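Structures are listed in the sections that come next.
The two complexes that follow have subunit A in common; it is paired with subunit B in the first and with subunit C in the second.
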Partner chain A sequence: MRKIGIQEIEDIATGAALLGAGGGGDPYVGKLVAIGAVKECGEVTLLDPEEVPDDALIVPIAMMGAPTVLAEKAIGGQEYKKLYDMVTQFFGKKIYAFMPIEAGGVNSMLPIAAAARLGLPLVDVDGMGRAFPELQMVTFTIGGLKATPMALTDEKGNSVIFETITNKWTEELARSVTMSCGGSVSVSLFPMNGKQMKEYGVKGIVTRSQKLGEAIRTVKNAENQTPEEHFLQFTEGFRLFKGKISDVLRETRGGFNIGKVVLDGIGDYKGHTAYVEFQNENLAAVVDGKILATTPDLICLVDTETFTPVTTDALKYGKRVMVIGLKCFEMWRTASGIELVGPRYFGIDTDYIPLEERCKGGK
Partner chain B sequence: MRKIGIQEIEDIATGAALLGAGGGGDPYVGKLVAIGAVKECGEVTLLDPEEVPDDALIVPIAMMGAPTVLAEKAIGGQEYKKLYDMVTQFFGKKIYAFMPIEAGGVNSMLPIAAAARLGLPLVDVDGMGRAFPELQMVTFTIGGLKATPMALTDEKGNSVIFETITNKWTEELARSVTMSCGGSVSVSLFPMNGKQMKEYGVKGIVTRSQKLGEAIRTVKNAENQTPEEHFLQFTEGFRLFKGKISDVLRETRGGFNIGKVVLDGIGDYKGHTAYVEFQNENLAAVVDGKILATTPDLICLVDTETFTPVTTDALKYGKRVMVIGLKCFEMWRTASGIELVGPRYFGIDTDYIPLEERCKGGK
Partner chain C sequence: MYKLGIDVGGTNTDAVLIDDKLRVVADIKQPTSEDIYEGILRAIRNVLEVSGVDKSRITQAMLGTTQCTNAIVERRNLAPIGILRIGAPATCGVPPMVDWAEDIQKIAVGSVIIRGGSEFDGKELVPLDEDAAAAFFREMKEKGIKSIAISCVFSTVRNDYEVRAAQLCREVMGNDVHISISSELGSMGLIERENATILNAALWKVAERFTEGFAKSLQDEGVVNAEVYLSQNDGTLMTMEHARRYPILTIACGPTNSIRGASYLSKLKNAVVIDVGGTTTDLGVIQSGFPRESSVAVTIGGVRTNFRMPDVISIGLGGGSIVHEKADGTITVGPDSVGYAISDRALVFGGDTMTATDIAVRLGMAELGDKKLVSHIPEDFAKRAMDVIRSMIEDSVDAMKVSKEDCDVILVGGGSIILPEKIEGARSVMKPEHFGCANAIGSAISKVSGTYEKLIDYNEIPRETALEQAKAEAVELAVKAGAIPATVEIIEVDDVPLQYHPGNTNRVKVKAAGDLA
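Moving on, here comes the complex of A and B:
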């Protein structure tokens, strides 16, 4: 158990944005929301998963929608209380703690804001260890947990509770409502007990985000290493490419931010080209026509100077970025994990091959 | 208080399909559902509104979606129980009786099926006295009642509860979910108490439907009158046109059945042309370029031989129909009624002028 204050939030936002793998929302927007709540209501208690009783009701809080829209819509302060009331009324039981469902610039932050505003602790766990575009794409789906009852509310005060026959149906129906509400909403989903959280969750993810964020903040302080070497070391990242953004193809379709970023090589990569496809999150990195990484491994773009993460909604012509690959949480590499979030689900015609195998013998 | 059995259902279905003004669903589909339930579970008790206590919880039951789709989708038997459970859980109070929300071939029938299956009475009242395409278009909206909590369930077992800031938002969000569920779903909405039901409801609508249906069934038994004269007399209808369908323009858009039927005059109307525009329900009847009737007055198409109603989803090239106008429920003719369901809401650029004034001096 420890406290999360403003410096921790700054670092968590940066680190979580890296783990967001292009998605999960703008960390700047996210941290404003979390810092605002903590300034107003006090620091948040972060619980280690093992500190949570088996029968406690644990509720993930997140924003649903296209990150592009999310940055443009106001985030009110009443949503968490509304979600809290909906869930407690449904179960007739108090919520013990909130948790994030994914790592990402916004979705790591909203649960902190919710915890601050409701005076509840936050658990150091999530359901992805990264971000994914669809709500059924969590380790809890592999564990057989239901996404519903799912509560949804918009900043205007509309609210909806879903109970569905599959998590894919939850995604389908909640996505429709999200779009009708203007493209982004606040939700609670996968309500679970402490036992389930400990069995299937990605433990320690908040702390990992914070450490990554702290390392990025201090990346230039490394001794006997260039900042890039230091960055690759502490992230355990595989360098896939470095280039200047020469094109961004992007559209908001079906409530998702879908597209492709094209890169012209710089430095060691001069004369080479690469592209990264995304659906909210980066899905595949292709260098000179060869796939170097696919979902569920993490593909992250970072600024070549500051090493701060560049989310898919912040891609801009001319920006210089490094593309790195990070190994995903081990549960994603199982058969059910690959079925749920592997490349073929997203229409990418390749088997999943672990990042470290694809990169063997490369730069 | 009286009982509704199979003969009553047959007549109610026909009469309600006439009052459906082109919408409200196929009476054949509707009566199969109601008759099936009554055969299995027994006759339904119909209550006069005045027999209902002021504090009783009264819940309208309906199908939402494009009638075209509705006829093609299976209607399960579990939906009513699910809606019942959702509403009673929400209010922590038992439902006293069901009621229809609109008159129509399907939407007058489903509440009968629900009442039979749940062993509850039905109230002789609705919220339109006709059918309208959008869910906020009920007298209860004029009375300031909320459409929510609204419960929605599909035949697969997905379910959703909405609470919204306005009835227009309920329509917006529920329509999205309806489309995602395949185009038609079962709903309960505008839950109300007995006092509200008596204050704003269209009383006696089930009985009126039944009488109209009975008269259509026996239309040829009239003495000293042609069947058509008899039909126009008992419906108090204004004859607007008779013609053969020469074209039907139709599309399912935004969850609605939208289009226009074009008629070439026959009999007295030979050499004249007319068209009727619709959005699930008929919106405007135009003869030789002159508007003869608009929403909220009822525009109904009936077979020229049998006088059975022809719904918008049953319009076919070559079919001979008579177009009649019926005066709408008086509350629709108030300023708030016209704002809610008048011609301009539907994009028809004319003021509302009562049917009987538009038809003055006509045939």
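Moving on, here comes the complex of A and C:
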């Protein structure tokens, strides 16, 4: 058990944005929402998963919608109380703690704001260890949990509780309500007990995000190595490419920011080209026509000098980025994990081959 | 045919004359006066005298000024303002200025979030609460406020809520009220756009001073054949009228100008440029001859905006920075500065305030004023103060470097006398000729630009074709603004789809820039 204050929030936001693998949104607005709540209501208690009783009601808090909409609308502020009341009433039981559902700039932050505003603790766990675009894409789905009852509310005060037959249905229904409600809404989903949380959750993810964020903040302090070497070492990342963005092709389809960023090599990679395909999150990195990494492994773009993560909605011509690959949470590499979030699910016609095997013999 | 470039910093005003081959004919430097007009007038007079150039042959006059940056960094001359945000019940979780430092938050006399605004697709969120807007404007009027910042959720998609609120504002507060609306200033991202709007609103007095000062001084000095321009942060020029309404766009033009000027003077294409002024020091990077652009949102005086600017760190250190000794004996230098009053207030000039310049003179690094007036400063104290300055600079150089390897450093700016000759992390430290006036030179060699922005449905016009057409339009706009066609280059291309918009509609923005004829 420990406290999360403003410096911790800054670091968690940066680290989670890296784990967002291009998605999860720019941490700026999420951070402001969290900082605003902590300034007003005080620091948040972070619980280790093992500190949570098996029968406790644990509820992930998140936002659904497009990152650019969030950057415009933020949140209204009353949503978390509304969600708390809806869930508590549904179960006839009080919520013990909140948790994040994914690591990403925005959804790592909002549960902190919710916890601060309601005076509840936050659990150091999530359901992805990264970000994914659709709500059924969590480890809890592999564990047979359902996203519903899922509570959804917008800033105008409209609210819905979904009960659905599959998580896929929840996704479809929630997505269309999200669009009708203006493109970004607050939700609580995958309500679970402490035992389920401990069995299927990605434990320690808040702390990992914080450590990554702290390391990025202090990357220049490395002794006896370049900041880049230091960065790759502490992230345990594979360097896939370094280049200048020469084109960004995108369109928004069915609520997703879909596209491709094209890179011209710089430094060691001069004369080479690469592209990264994304659907909110980066899905595949292809260098000189060869696939070097695919989902569910994490493909992250970072600034070549500051190593701050670059999200897919912040891609701009001329920006210099390094593409790195990070190994995903083990559970994603099982057959049911790959079925849920592997390359074929996203329409990329290739088998999932772990990052470290694809990169063998490379740079 | 000559170009006159003037740079008004917080401390010094520089002027250069450049001929049509872009050669520096004359350059002068003098202290900025409290009255901007006087300072510019004297600078023009001096540079004309030194050069002997016929004033009627000056066909272009460019002014670059850090007045706005300094006003924000030092929290000086910022006008009290009212902030009206249209966006409730959305956006309330993040009120205006939530992450601003307390000292600058004070510029807002009143701040309110009222109902209204649109969704991403232009659908109404809730109707505009006109009564609440009018009530707020009445309150601001009673409090004597003269400037209002108006922002609105999704005003980049639909600006009519902001326009209507501005209209109400004029009805209530009168025609002389200054109104800044966010849709004129920034792109998507409410908070950054709103931040820029708030700063813009607070800068109206500063803007009035420098635009009027410049116009009047040119007139009075008989420079009557010149087209007049102001430098913008992207290294291109804007008209006077535009600058009066959008002074925030001059933010960071100083760094852009000095980086471009430094590269031009030193012929170095890759280096860290350190521009030491009287109040601040800006560090930028020249990469392949162009300023490196910031990849993150630009922060000015602790306030995040969404402008695209050169990657510059600005620290509160300059020739006029005040040296303090704290109760526990530790020394701090800046961020407060005597600014343009250095020639009155620094010890070496007979003043009563110990500045960074006094420390440099005490240590024999510079010959300036009367060194006897600083001989009472203990050498040990001066050395410790210089250590503070050195570590501030070395930390910043380190932050800007591309790699751990040492880099070339170009020193420019009038305040650079306060820097030690040896800087850790620098392979070479070069001070080019005319180093003191790099800003003014950068301003004089500035380009003129044209920006074309339009919503285009890629299902009707394929992307390739649309971008080609937009580029051609932008080039034409730049040429219309006075650019020589052969020199026009596309400097920015941006196309972003409208979220969820039916079809495949994109906001296409292309910017082209070229040399002035």
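The rule we apply is simple: the second predicted complex is superposed on the first by the 362 of 363 C-alpha atoms of A that agree within 3 Å, B and C clash if a C-alpha of one lies under 4 Å from a C-alpha of the other, contacts with A are read in each partner's own complex, and residues count from 1 in each chain.
Throughout what follows, a residue touches a chain if its C-beta (ideal position, glycine included) is under 8 Å from a C-beta of that chain, and two chains touch if they have at least 3 such contacts.
Since the model is a prediction, treat every value here as computed from it, not as a measurement.
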| In the superposed arrangement, which partner chain does A:T226 touch: subunit B (first), subunit C (second), both, or neither? | second
| Is A:E251 in contact with subunit B, with subunit C, with both, or with neither (first, second, both, neither)? | second
| Just subunit B (first), just subunit C (second), both, or neither: which does A:G143 touch? | neither
| message | Looking at A:V160, would you say it contacts subunit B, subunit C, both, or neither? Reply first, second, both or neither. | response | first
| message | Just checking: does A:W169 make contact with subunit B only, subunit C only, both, or neither of them? Give me first, second, both or neither. | response | first
| task | Counting touched residues of subunit A, say whether subunit B or subunit C comes out ahead. | result | C
| task | Answer with first, second, both or neither: which of subunit B and subunit C does A:E305 touch in the superposed model? | result | second
| Given the touch rule stated above, what does A:P354 touch, subunit B (first), subunit C (second), both, or neither? | neither
| query | Who does A:M179 touch here: subunit B (first), subunit C (second), both, or neither? | reply | both
| query | What is the contact status of A:V33 with respect to subunit B (first) and subunit C (second): first, second, both, or neither? | reply | second
| message | Per the definitions at the top, what is the overlap between the subunit A residues touching subunit B and those touching subunit C? | response | 156-157, 179
| message | Considering only the defined contacts, which subunit C positions touch subunit A in the complex? | response | 87-95, 98-99, 119-120, 123, 125-126, 153-154, 188-192, 293, 295-297, 304, 398-399, 402-404, 458, 463, 492-494, 496-501, 504
| remark: In their shared complex, subunit C is touched by residues of subunit A numbered 28-29, 32-33, 35-37, 39, 66, 68-69, 71-79, 113, 155-157, 179, 182-183, 220, 226-227, 249-252, 255, 303, 305-306, 308, 310, 316-320
| Quick one: in the complex, what on subunit B touches subunit A? | 156-165, 169, 172-173, 175-177, 179-181
